[in-house]
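Down below are the structures I want you to see.
Next come two complexes, and both contain subunit A; in the first it sits with subunit B, in the second with subunit C.
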Partner chain A sequence: MIVFRTGVILCALAAAACQSNKLDVYRKPINTPSAALAEDSTKASPTEETETTESEGYGYRLSDITPAQRPTTGTVEGGIWYQADKAEVKIARSGKRIKDGPLPAYVEKIVCTLAGPYCDDIRVYVVRTNGFNASMMPNGALIVQSGFLIRVRSEAQLATVLGHEIGHYLRRHSLKRTKDTVTGANTAAWVGILLGVPLGPQVFANLREFSRDHEREADGYGLLLMSRAGYDPRQATWVWDRLVRIVGPEAIKERKRYNFMATHPTSPERSKALRIIANELEERGDVAAEPIDGFVEYQNVMAEYRADFIEDEIADGNFDELERLLEILIGDGENRAELLFYRGEIFRRRGKKKDPEQAMFAYNRAFRAGTPPPEIHRSIGLIHFKLKEFDQATEHFAKYLELKPDAKDASIVKSMMGAGT
Partner chain B sequence: MNATTKRHFKSGAVAVALLLLASACAPYQLQKAGTNISVGSEIKVDSTIDWNKSKLDAIEYWTADGPDLNILMFMTDIKKKQKLKRVSRPVVNQQAPEEPESKEEIESLTEFDPDMTPIEIIEYVADFIERSFKMQVDVGTIEPHQFADTAGVRFQFDFVQDNGLMGHGVGAGATIEEKLQMIFFMGVEPYYYENYEASVEALLNSVKRDS
Partner chain C sequence: MYNSAFAGALGRSIGPIAIRAILITLAAFALSACVTTDRVVKEAFEKAKPPIRVVVMDPDVNLGELTAGGVTVPNDEWSLQAKTHIRTHLKNKMGALDVETVYMQDQSINDDQEIGYMQTMFEVVGNAIQNHDIRPILQLPTKKNNFYWTMGPTVARLREQYDADFALMTWVHDTYSSPDRVALIVVGAILGIGIQGGVQQGYMGLVDLSDGRVVWFNRIQRGFGDLRTAEAAEGSVEFLMGNFPLAKGKGKS
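Our next item is the complex of A and B:
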């Protein structure tokens, strides 16, 4: 599976100009949700009518998928699902899939709440991969990356993105996308899908690149599903604003660094549209009086994984973005000692000129914030060691081994103790 | 399966593997077992077995069963301020090769510094392995190791690849004449590490200065 680094698949931050009445595309799922989701069937329009035929030249109509529906074998959609099923088997077996601990069940539970009657049709795979990314496969396999989980703040923010992805599934966007891409020039791909010839990764990448209107529509679904599940739809705006802060303004301007930027609504457009629609939902009384935030619940589930996820990002060398991310996570207020330790690690591992001082500054903040992991003493020892301050180095190495006597690097740490004497 | 068919099966598999490799990446040379084989400018090693020798970008590697199954990498003569860019590994399982790192990404990579402590050297190398081979690396034991005539470091690691394959690795190295010399081996489970463990161990203990 292709992974888009620091990704932004999720419909982030494109920088193209936006046009008027795009708002209606966001709004459409709210005004005309699919029949299965409408609380009151008189509110729902016939599903055949929910397709936008005017935008971006979609000259065909598709109904929403219904719960437990599977496309017929031998149809184009059946072919796409067949391919997706095969890809899903690989993902299920992947070594990067997270199976242990509370996280997979927690994400599944939220997906189920959001998806309602479609709960059984969506299968969640949490994978340990860097970058802000979640993606829905045509057959209902939902892939949630660790890089995305570490970038959101709370259960409500997680629900925003999961709701958006479920929206892609309900509206069968992958099929529409395929119909758009399949022109005379690549009929072979079309036939390949029908005959079950394995698709190259590029074709699957195309299937995931939903059009901008699809993204708008999925956003609308995200808002609808999250409000129904008791979350505050204004969280959606906050997620995108947070992402802009993490990715940084340069990256937003420089679109080509991120594969998906070109096809996604601009961030200001999106923020604004999401805010307007969230307010409309509130006016209609669709928002709970005391919406669920789930900050503490989310942080508790993540506690077991956070250090590993941050280590993965450090190994990737994506220091600038990680620095901004950690600053935001530290601002969130939970687990500050651990996060400040990792902030120090960025400076220590990056090894630029002023970095050792910055690293020490962060380590000191970590001690003030609580109990950082024992490795902090090894890191401080290493900084002293390089400055040839061997007494202090030895002191911290000793402390590290005292706190973690079975450390796997104990023998090399011991070999560095007492240097310079 | 009797011994003969087993051998046929094995040589057939090797032939197919070599064919695939030939079309995918740099040609292989036979690296015969022997003593005092120079790797880089500062060190030489002994090998008890034959290997296939090739390069990933500028880095020399030896493999027994193909670089996806096992690989012995010689990261020699890494100079002060050098950054370890991702190597462009051959196309595997129809997956597109990794795009080269962007300018900003290269910018933020750690530079080699001859003053690095052994722990920092392992962080530097393990991050490179993780980036290059798209896998999760879990460093285990790190310990002192006599590398040629220098006090060096040895480490072990486990890994999980994107495709779900798991395996082990071992490596050793030291900073010699201000340049990092690091040799590491990794192979996937179940056979591709264990089968060569003893040979690699002997090789890591055979390192001598090349003068």
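Our next item is the complex of A and C:
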């Protein structure tokens, strides 16, 4: 019994130690004393900068890279940037890149505010790609996916993720990761050839653990940069809570099972850690009295794009997640007519047994909520058409063409009118 | 390239390291079965009337160090050195032919997007030919004895811009063993385990700008020759241009 208890206590201690370790990684950018920075071995060149806030007197770890700094040619970092520069040209030319409308400039503006003196070093590319993701290339090219943009609620939540990505750049995580990978692979090769022990899986797991630590550190940067720019750092927690709701409990469970292989910490872990640190920031008086939320501004900018982005996700067929996402967006309270129309679209296109009824129910709610897009009449027409209710179908097709006379699919819709007569 | 991604609740699958390892293994297989890989569409050159004008795209050169564990670390200094050498030899070779040449510099982000697009597409098509036409292991059934690859009519933009009949594209990738890779190879040899060193891979292609079809393509794959030196770079360009179709045209006219 005693042995058993000791075991439990040891386990608990080990878990607690691990937990506090992780929190410290998140905290690293925010609360690292200057003395520790000098001994930091992760940097590639001696350009470490610290900045001390006037009143509190605690050190901010600002970055490993100075503004406008480029790596020396012939170094590992020089090679990585050479490749990144080439890849960036391709992204800039990509057909998926969004160049028109207010969105690119809006995201750039926020990046600039967050990045401060590094504003000119970071170039933003907004791309039409599904899924919650943004990524920072080693050379400062920041790719923001449309799938991420429709999943966050406000400017403050957008800033959370942008700040995180800027953190990767400032801490040169891609360089560190390259070095870790080379070292890990070398060790595995030598151990493999001399001892005949395959170390591959172990090295892989280690590299993933390093990767998760980079993400934790970048999360800390997100908090730091956003609170400096006047946003509420608690928004970071809300982003992860929101994502947990969007992906659903099953995906989270599955994800936890394979955690040792994952590049990123789990969303619940991030949510929890960031809540603790956001509270610490607030206790220090490091959060603006009236933080910027930017809900309305964000919704206004997104209004022009949202329908396209949702169409992209529907085309991917990830209906369950999209259903949960739309529920949340409808709950946010803006553009309800459009969102309810798309809720109906999910059911109509999924086409399971009870889906036509569910779709019609959502379309009706959309009409009650405001003015849905003209396509709603085409969709209602198609449901009637499938049920061989041709009169009602024709009526709605006509309404669609009346509201959208230059519709691209006008001739197809016309050919379906008057069927069954 | 997406080193510091911000994936959501679901993690990523295998990273670039694993892919690279697979590619290196494949390359090692392919190396053992090195054959002539020249592809040519003769009609395209028969119908071309002198003076023939060729736009030469800036060679795309990527050099790196192959570390003991098989990870390639890119090196910009070596890449630029090799690029300079290859560019020089290309100019020399082209200058000796009975064709007019115009050289196109690398397109940056702010240059003409449509021209830049051609450069990117050329690379994509070139890689597809290399992987799915020439390599027996990945060859597509529809491409067996049927060399038909095209960039489509969009190349008209290139034809107008440079008033050219053909576009020439060069892509070269090479890796050199790091000292610890060399040590590993030696130890491996003692123990009777074969370990691959760096591999030079490259290709060159000619596009008919009247219709976008790739009308000539050649590939190099060898485990020797240091492109950072002018001699080796010249050797590789010589090899790639060994059966250059426009050189034969000169003899006839």
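The rule is simple: the second predicted complex is superposed on the first by the 336 of 421 C-alpha atoms of A that agree within 3 Å, B and C clash if a C-alpha of one lies under 4 Å from a C-alpha of the other, contacts with A are read in each partner's own complex, and residues count from 1 in each chain.
Assume a residue touches a chain if its C-beta (ideal position, glycine included) is under 8 Å from a C-beta of that chain, and two chains touch if they have at least 3 such contacts.
Not measured: the values here are computed from a predicted model.
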item	value
First (subunit B), second (subunit C), both or neither touched by A:93	both
Touching partner for A:174 - first (subunit B), second (subunit C), both, neither	second
Chain touching more of subunit A, residue-wise (subunit B, subunit C)	C
Which of subunit B and subunit C A:420 touches, first, second, both or neither	neither
First, second, both or neither for A:378, with subunit B first and subunit C second	first
A:133 touches, of subunit B and subunit C: first, second, both or neither?	second
Which superposed partner A:83 touches (first subunit B, second subunit C, both, neither)	second
Intersection of the subunit A residues that touch subunit B with those that touch subunit C	90, 93
Subunit C - residues contacting subunit A, complex	1-12, 15, 17, 60, 62, 64, 67-71, 73-80, 107-109, 113, 116-117, 120, 180, 184, 187-188, 191, 193, 195
Residues on subunit B engaged by subunit A in the complex (per definition of touch)	94-96, 102, 104-105, 108-111, 113, 115, 117-120, 123, 126-127, 130-131, 135-137, 139-144, 153, 160-166
Touching residues (chain side subunit A, partner subunit B) in the complex	1-2, 90, 93-97, 128, 198, 200-202, 257, 312, 314-320, 349-351, 378, 382, 385-386, 408-409, 411-413, 415-416
Contact set on subunit A toward subunit C in their complex	73-74, 76, 78-84, 86-90, 92-93, 131-138, 143, 161, 164-165, 168-169, 173-174, 177-178, 181-182, 184-190, 193-194, 207, 214-215, 218, 243-244, 247, 251-252, 255, 258, 261-264, 266-267
